[in-house]
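Okay, got some structures for you below.
Each of the two complexes below includes subunit A, the first together with subunit B, the second together with subunit C.
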Partner chain A sequence: MKTIILAFVILSGGLLIYGTIDMPAWGDPHSPANSYVSPLYIEEALKETETPNIVTAVLADYRGYDTMGETTVIFTAAVACALLLRGWSEGRKERE
Partner chain B sequence: MLTKIYENLIVKTICRIMIPFIQIYALYVIAHGHYSPGGGFQGGVILAAALALIFLAYGQEPVVRRLTPNLALSLCGIGVFIYAGTGLLCLLSGGNFLDYARLAPILGVAIPRARSLGIFGVEIGVGLAVMTAMYSIIIDVAGNSASPDRHAASSSPENLNNNAEPAA
Partner chain C sequence: MLEFIISKYNFWLYVILMMIGLYAMLAKRNLVKKLIGMNIFQTAIILFYVSIGVKKGSVHVPIIVDSHGHGAQLIHAADYLNPLPHVLMLTAIVVSIATTGVALAVLILIYRRYQTLNEDEIIHIRQARQKAGV
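After this line comes the complex of A and B, so read on.
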């Protein structure tokens, strides 16, 4: 069993390493990730949003959906902590 | 459980001096997110740190009296609602969700300025949500009576005697 697992780990690890060979070089300006919207953000962010900090412009304007999801995650974490730790059922029993 | 409060004049005085500056700095981080690193997430966490400092120096009762955990959770929801409401306002004005350019006629400014103000609006929502979420989690984890019912019950004579015992 252990040999099967080891073989599977080596195989999947080898596949992942094989997959990285085709990836563009680190910081390559002509890679797909850097050649479509990134130059647009850098050139147009100040003109379009009057926000000198490009990070803020991307975070809250161009990628506003994503940041709304992040805020919802934080809200969900607070609600989950409250539901687990505040002992609602105990309080309800005392009231009755 | 943090039941023993450190009756230390130095700690309390330093906290009393530091807390307003921490809160002003947090508001600066939120408002200056357009020009420097910062924004709603970072400023909200600093605001929550100021509340945590009150909690550590003065104990649970003074801070819970000012901002109850239930109110904090409601304000957290309001923070998310400010964000989503800004997007919804754009949707109602005929644009896409979170398309701040559509706020320009409502605010009466040019489109780039409207997008800048839209970013500021959602940053305020994020700051409120992060501050109250962090505060709520701190009180839930470290407080000894997070529920309002149990908080009321802790004022019974039996519990008062427990709290009044001097530190060993």
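After this line comes the complex of A and C, so read on.
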């Protein structure tokens, strides 16, 4: 079983490394990720949001609704943990 | 050839890290080790995305310096790192924290019920209990 898993992992890793041949070079300023929308955000963020930190401007201003949804994710996880672990200390007392 | 390796080796390192996580998720029998594998996998993806936003040369982190006199000076996009992968990975970190927390809570419940975290032993105990009709 472990040899099958190892072969599968090596195969998929090899495929992913084969895929990196087409990736732009590391640190290339003209790579696609750095050239289409990101210059707009860098140049307009201070003017439009008055926030010097661009990451904060994008997270809390341009993507504000997404961040609000993220707080829902965290809240759901916290409620799920609380419901799962409810009565944990009482159960331990019963066994002792 | 050497130039090709230098321009791509970071992606290869992240692929290797990701495959370590995938192997741990598939092959390990201990549930906590599976969870650690999942975290390694997520960390590899986060590192991959952050490395996409790197620009070589004299660039700043995406915080605009001298912002008090704003409007006066021109901001060149080539002087700052790409902020968008950083923002997206903040979202990914939030999701990974949520999944890890819920998974650890479930693991505590599993340990309380079966007194073990080994997958094979849990399956064995379940089958024994089903035969006994508990």
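Following the convention adopted for this analysis, the second predicted complex is superposed on the first by the 77 of 96 C-alpha atoms of A that agree within 3 Å, B and C clash if a C-alpha of one lies under 4 Å from a C-alpha of the other, contacts with A are read in each partner's own complex, and residues count from 1 in each chain.
Everything that follows uses one rule, which is that a contact is a pair of C-beta atoms (placed from the backbone, for glycine too) under 8 Å apart; a residue touches a chain by one contact, two chains touch by 3 or more.
Just so it is clear, the structure is predicted and the values come from calculations on it, not from any experiment.
**Q** Identify the partner contact of A:Ala25: answer first if only subunit B is touched, second if only subunit C is, both if each is, neither if none is.
**A** Only subunit C; A:Ala25 stays clear of subunit B.
**Q** Name the contact category of A:Gly87: first (subunit B only), second (subunit C only), both, or neither.
**A** Only subunit B is touched by A:Gly87; subunit C is not.
**Q** With the two structures laid over each other on chain A, which partner does A:Thr72 touch: subunit B (first), subunit C (second), both, or neither?
**A** first
**Q** Is A:Val55 touching anything from subunit B or subunit C once the two structures are fitted on A? First, second, both or neither.
**A** So A:Val55 meets both subunit B and subunit C here.
**Q** In this superposition, which partner touches a larger number of subunit A residues, subunit B or subunit C?
**A** C
**Q** Which partner does A:Lys47 reach: the first (subunit B), the second (subunit C), both, or neither?
**A** In the superposition, A:Lys47 touches subunit B and subunit C alike.
**Q** So, does A:Ala33 touch the first partner subunit B, the second partner subunit C, both, or neither?
**A** So A:Ala33 only meets subunit C here.
**Q** What residues on subunit A does subunit C touch that subunit B touches too?
**A** 47, 50, 52-53, 55, 59, 70, 74, 77-78, 81, 84-85, 88, 91
**Q** Which of the residues in subunit A end up touching subunit B in this complex?
**A** Of all residues in subunit A, those touching subunit B are 47-53, 55-57, 59-61, 64-65, 67-68, 70-72, 74-75, 77-79, 81-82, 84-88, 90-92, 94-95.
**Q** Which positions of subunit C touch subunit A when the two form their complex?
**A** 6-12, 15-16, 18-19, 22-23, 26-27, 51-57, 62-65, 67, 70-71, 75-78, 80, 82-87, 90-91, 94-95, 97-99, 101-102, 105-106, 108-109, 112
**Q** Subunit C touches which residues of subunit A in the complex?
**A** 1-2, 5-6, 8-10, 12-13, 16-17, 20-21, 23, 25-29, 31, 33-34, 37-43, 45-47, 50, 52-55, 58-59, 63, 66, 70, 73-74, 76-78, 80-81, 84-85, 88, 91
**Q** In the complex, go through subunit B and note every residue touching subunit A.
**A** Against subunit A, subunit B makes touches at 33-37, 39, 41, 69, 72-73, 76-77, 79-80, 83-84, 87, 97-98, 100, 111-113, 115-116, 118-119, 122-123, 125-126, 129-130, 132-134, 136-137, 140-141, 146-150, 153.
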